[in-house]
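Common to both upcoming complexes is subunit A, partnered first by subunit B, then by subunit C.
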Partner chain A sequence: MTAVAGVWRNLPLKAKVGAVLFGVFVLAAIIGPQVAPYDPSYANPDPSLLMAHPSAQHLLGTTQTGQDVLSQLLVGIRLTIELALLVGVIAGILSVAVGVTSAFLGGVWDEFLSLVSNVFLVIPALPLLILLLGYLSGKGQLPTIIVLSVLGWPWGARVIRAQTLTIRNRDFVAAARESGEKSWRIITLDIIPNEISLIAANFVNTVLYAIGASVALAFVGLTDLNSWSLGTILYWAESQQALSLGAWWWFVPPGLAVALIGTSLVLLNTGIDELGSPRLRASRGAAKIAGHRIWATDPTPVLAQLTAGRNRVGAFVHSFSRESLLDETPAGGELR
Partner chain B sequence: MSPILDISDLSVVYRTTGGDVRAVEKVNLTLSPGEVVGLCGESGSGKSTLAYGATRLLRPPALVTSGNVRYSGRRLTHGGHPVDLLAMSHRELHEMRWREVAIVFQSAMNALNPVLRVQDQLLDAVTAHLRLPRHEAREKAASLLDLVGISRNRLRSYPHELSGGMRQRVMIAMALAADPEVVIMDEPTTALDVVVQRDILAQIVELKERLDFAILFITHDLSLLLELADRIAVMYAGRLLETGTAHDIMREPAHPYTRGLLNSFPSLRGARRELAGIPGSPPDLRDPGPGCPFIPRCKHAIDACSDVDMSLAPWGAPVIGDPASVTHLTACPIVTPQVSQEGVLS
Partner chain C sequence: MSFIIRRLAFYLVAAWVAITLNFFIPRAMPGNPVESVIAKYPNLTPSAEKSLALMLGGLLAKGSLWSQYVTYLGHVFTFNFGPDIAQFPTPVTTMIGQALPWTLVLVGVATIISFFVGTTLGILAGWRHGGWLDRSLPALMFLQAVPYFFLALVLVEVLGIELHWLPVGQGYNGATTSPGWHWAFIGSAVQHAILPALTIVLTSIAGWMLQMRNVMITTIGEDYVVAAQAKGLSSRRVIYTYAARNALLPQLQAFGLALGFVVSGALVMEIVFAYPGIGLLLLNAVSSDDFPLMQAIFLVITFAILIANLIIDFVIVFFDPRVRAREVAR
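Right, the complex of A and B next:
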């Protein structure tokens, strides 16, 4: 428990904010359908509840057909997060497998696997997605997950291949090979642990891509429109003129949810990046010493200068303060 | 002769969340023109922090908490007064660096940029600090390689195409680009084998004679300093324990720590003897105890040691005449020559 607390304390602020934000959405995905006040698909026939403003009964108002927006949101987050995480895992495994093996084996295998990932990179993703899902829509989430995973791995594979190439030539890998370790042991024990932060950042990035792509595809109607996800809520809101009728409570909450999930993932990603290479953190930003900001490129600060270095206005103001009574030379003079 | 670099009362701390690490504590050290002063101590004793703190090269969380570093070079005439490096602004320091005080960094492998040719790196230093026109700068770079005995056709080599010794020579040539008066050498020969090490040291001495600069030579190898340095300062846990000429240190080391160091390598002549290391490890610099920091490892420690104020005082015969002529100073008032002769010490 203390180890977890220690890790948490050392996380960059960005990663903390991102993790908390993403955690809120994961929580919503887990308990959302249980705590949703209504059935999201239930169209209340009461005419006063058609496109009603937010109220105590319907915290986020209702849709054109009298459905509860909050319930749709709570149910929809689960589907979107589920899909994105699945895509992240599948594409992540694919990119690690392809990237590490192609760099580690080298030669013909490297050529072949690089060729495959390059081909996948140049496939125009959006038209292909629209075409494929146009055929496969109405078959649930599975086609979306498969298509997004298949198109989402090559970026990660290239990055991981490059990193593996540099690690493969380090001395400790050579030592492991000389001592007769099997390739799979070298890969799993020497190489992958050294790029875990890269793999994590790549996973987070893929999840982000999956959320963006799946919401966009659902928004244009290329998904199973009978299920509730953030994208389908937006699809229905758009197709039933929520925007032109001014029903902000219908499209703002799902849009905001997508934006916040995206923000949290970006923060997590850059935070993981800094965690993996502390040099990024050290070279950025200034240290605070004796109340002064010192940059890494500044000369070594000298304490006497820092305390004496108030400007004239500062010294003037300081001369009125109670601390100035402790100064040996009055009014912020040479030395304290 | 008045010193060219006068470090007095210098303290440097590293501000950490666990408290200040007092890496250098009230150190006094002078460097005369044309002199080689060796700074010797084990890893973490503050040798490099002292040199880089005095030249304001340390990054945060380092902080200079007290002291003066007076520099009085021939070219830098502020009305004949020495300038205080610790009071200089960023721009003044930039003017001063390389032209007045240059540094040869530890491990040439890391200090040279692997993707730039040697020529470009020399040109960087030359153009940044001398502001020569392009063709003159080229000629200067070539003559710098001549200086350290590397053929001119190596100008277009990349660092990985040079041997370790050559890379170290390039670093030395680069430091000498602007004809500095003080050169700080931070373990310039540590990663090299003894033969190359000897070549380079001979070259350093020769260059020093020719170009007349003073050297502050940082190393953990006391045996090397005994041969190279005019004066030696022994550092331990951020404090200077002893300074003296190489002869003083070799013939009659005053501080028990110096004796320990000298006992830890074999001498060429004389009877065979058992080599002895110094047991124990250095203290935590966040919270050094009172008095001498060497107490826990010292064979001769007595209760009075924790009242020692660690200022350097003359060792040996009582001073007759000019007290400034005394070269052999020690921070240990307990072990006097008398005590030493009575056989308390081996």
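Right, the complex of A and C next:
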């Protein structure tokens, strides 16, 4: 417990704010459906409750068909968070598996797996998603989860592969190998624990991507429209002209919820970045003497380079940069 | 040269994977897409059904899977995707040709604006690290985390419907003008493009800024920048000709990818604004089960991205002496 408290104290403020904010939404996802005051799909026939302003009975007002917006929101957050976390876990496992295997096995396998992840990086995900869901329309959440996971792993795999390549050559791994450890033990006990922060950042990014993509797909109607998620609330609000009828209470809360979840994840991620790369922290205090800036010297350039590119765009770009492709280590090359 | 050849080979593999995926996806789907299309559009001619089977497989497709694949490849390479089924008998290629320019121009211009403004702001934020611009980044990140369509709808409501400053929806005013190279049309098209372009810029600018800032901060710590400062050069010169110039390379690589997403990234934007581009066409194809059109659009978007990346590879070889130096060393 004290270790956990220590880690928490050392987290940058951004990460703390992000973690708390995201925690609030996870809590809402857990208890939301229980505390929702009404059935989200129940259309109250009372004519005074059609598109009613927020009131004591309906804290966030009602929709055009008399459904309670707050209840929809509380139920919808669960589905959105659930889907995003599931995609994060599945895609995360895939990227760790592919990245580590690729770097550890080397040779033809490495070439092949790297080629596969590069190809999937360059093929545009959103149109492929729409194409696949076009065929699978109206089949519930499962196709969305599978398709998002299958398309969400490649850039994570690339980043993890790069990190594994550097760890693989450290002395402690060589020592473990010399002492006759089995490969799977080296991978699970020596390599993966040293990549936890990278895997965590990767997970956060994947969850962010899943929330964005699933909400956007639901918004354009490519999901099961009978279930309540943040995306489907927005879909119904838009298709029933909530905004042009001035029903802000129907439209703003779900949009704001998605925005806040997204912001919390971005904050969490930049926080993790700054933890790994002190230079990105805003320099104040000691670094600023008499109005002059003193730039900290970089302790570990390689790590800093890796972490600098760790945000969503950065990691994606870095993993596909010409630099990283040029530097691609040929089979077993680093042992020569 | 071998760098370019390697990249070219890679893009060819990627294109082949996309084409092959496109061949197998409809054949692997549960249910039979062809039969459902034929059931939905009963007045298709036999020749249309034949070209449908060619793209999607099904019981009507003749020959082994391999021979189907070979025929399919031939049709893809000649850009022959058959007639469209929802708007029979307009060829699919014609429909894509009509939609593509709208997307390319609007999103292209918006991406370039966003890139330049975001990069400039990133340079300043990185230089004045911890300054007010740098500290305003979380607010900008919030703007980026807002679902794109949400921001777009709010802007439509406020600027378009409440204030009547800008027209909303469609690519031009169909009541007063028709497409062509005359000022009335161009003026109308520009007016209709401002609002969608604004939403793209607002949502994407923070990403450019953040990345440029991070690279700037790393670059500023380099010895040559410190040396330039020690020499007493003006800050302006140090910022732009020393630090930013080198920090720009990763940004340029990102720009290549972003240009590729020009075609696909704004799918949602076009849906919100009913903008007559490729995204709206794709969504309409999906909602009317127009599978051949769907498949052709996917291929067009993929090819566009591959070509954009190839062009950026050339640019990088041109701009980054390190890539060329490595070539010689090999």
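Operating definition for what follows: the second predicted complex is superposed on the first by the 273 of 336 C-alpha atoms of A that agree within 3 Å, B and C clash if a C-alpha of one lies under 4 Å from a C-alpha of the other, contacts with A are read in each partner's own complex, and residues count from 1 in each chain.
Keep in mind that, in the parts below, contacts are C-beta pairs under 8 Å (C-beta built on N, C-alpha and C of every residue); 3 or more make two chains touch, one makes a residue touch a chain.
These numbers come from a predicted model, not from an experiment.
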Q: Based on the superposed arrangement, let me know which partner A:193 touches: subunit B (first), subunit C (second), both, or neither?
A: neither
Q) subunit A residues in contact: does subunit B have more, or subunit C? A) C
Q: For A:14, decide between first (touching subunit B), second (touching subunit C), both and neither.
A: second
(Q) Just checking: does A:216 make contact with subunit B only, subunit C only, both, or neither of them? Give me first, second, both or neither. (A) second
Q) So, does A:131 touch the first partner subunit B, the second partner subunit C, both, or neither? A) second
Q) Just which bits of subunit A does subunit B share with subunit C as contact spots? A) 295-296, 298, 304-305
Q | Residue ranges of subunit A touching subunit B (in the complex, touch as defined) | A | 286-287, 289-290, 294-296, 298-305
Q: Quick one: which bits of subunit B touch subunit A in the complex? Just the residue numbers, please.
A: 12, 15, 52-53, 56-66, 86-88, 90, 93
**Q.** Residue numbers on subunit C that touch subunit A, as the complex places them
**A.** 3, 7, 10-11, 13-14, 17-18, 21, 25-26, 29-30, 33, 129-130, 134-135, 138, 141-142, 144-150, 153-154, 156-157, 161, 207, 210-211, 214-215, 217-218, 220-221, 226, 250, 253-254, 257, 260-261, 263-265, 267-268, 271, 282-283, 285-287, 289, 291, 294-295, 297-298, 301-302, 305-306, 309, 313, 316, 320, 323, 326
Q | Residues on subunit A engaged by subunit C in the complex (per definition of touch) | A | 14, 115, 118-119, 122-124, 126-128, 130-137, 212, 215-216, 219-222, 234, 238, 243-244, 251, 255, 258-263, 265-267, 270, 279-280, 282-284, 288, 293, 295-298, 304-305, 308-309, 311-314, 316-318, 320-323, 325-326
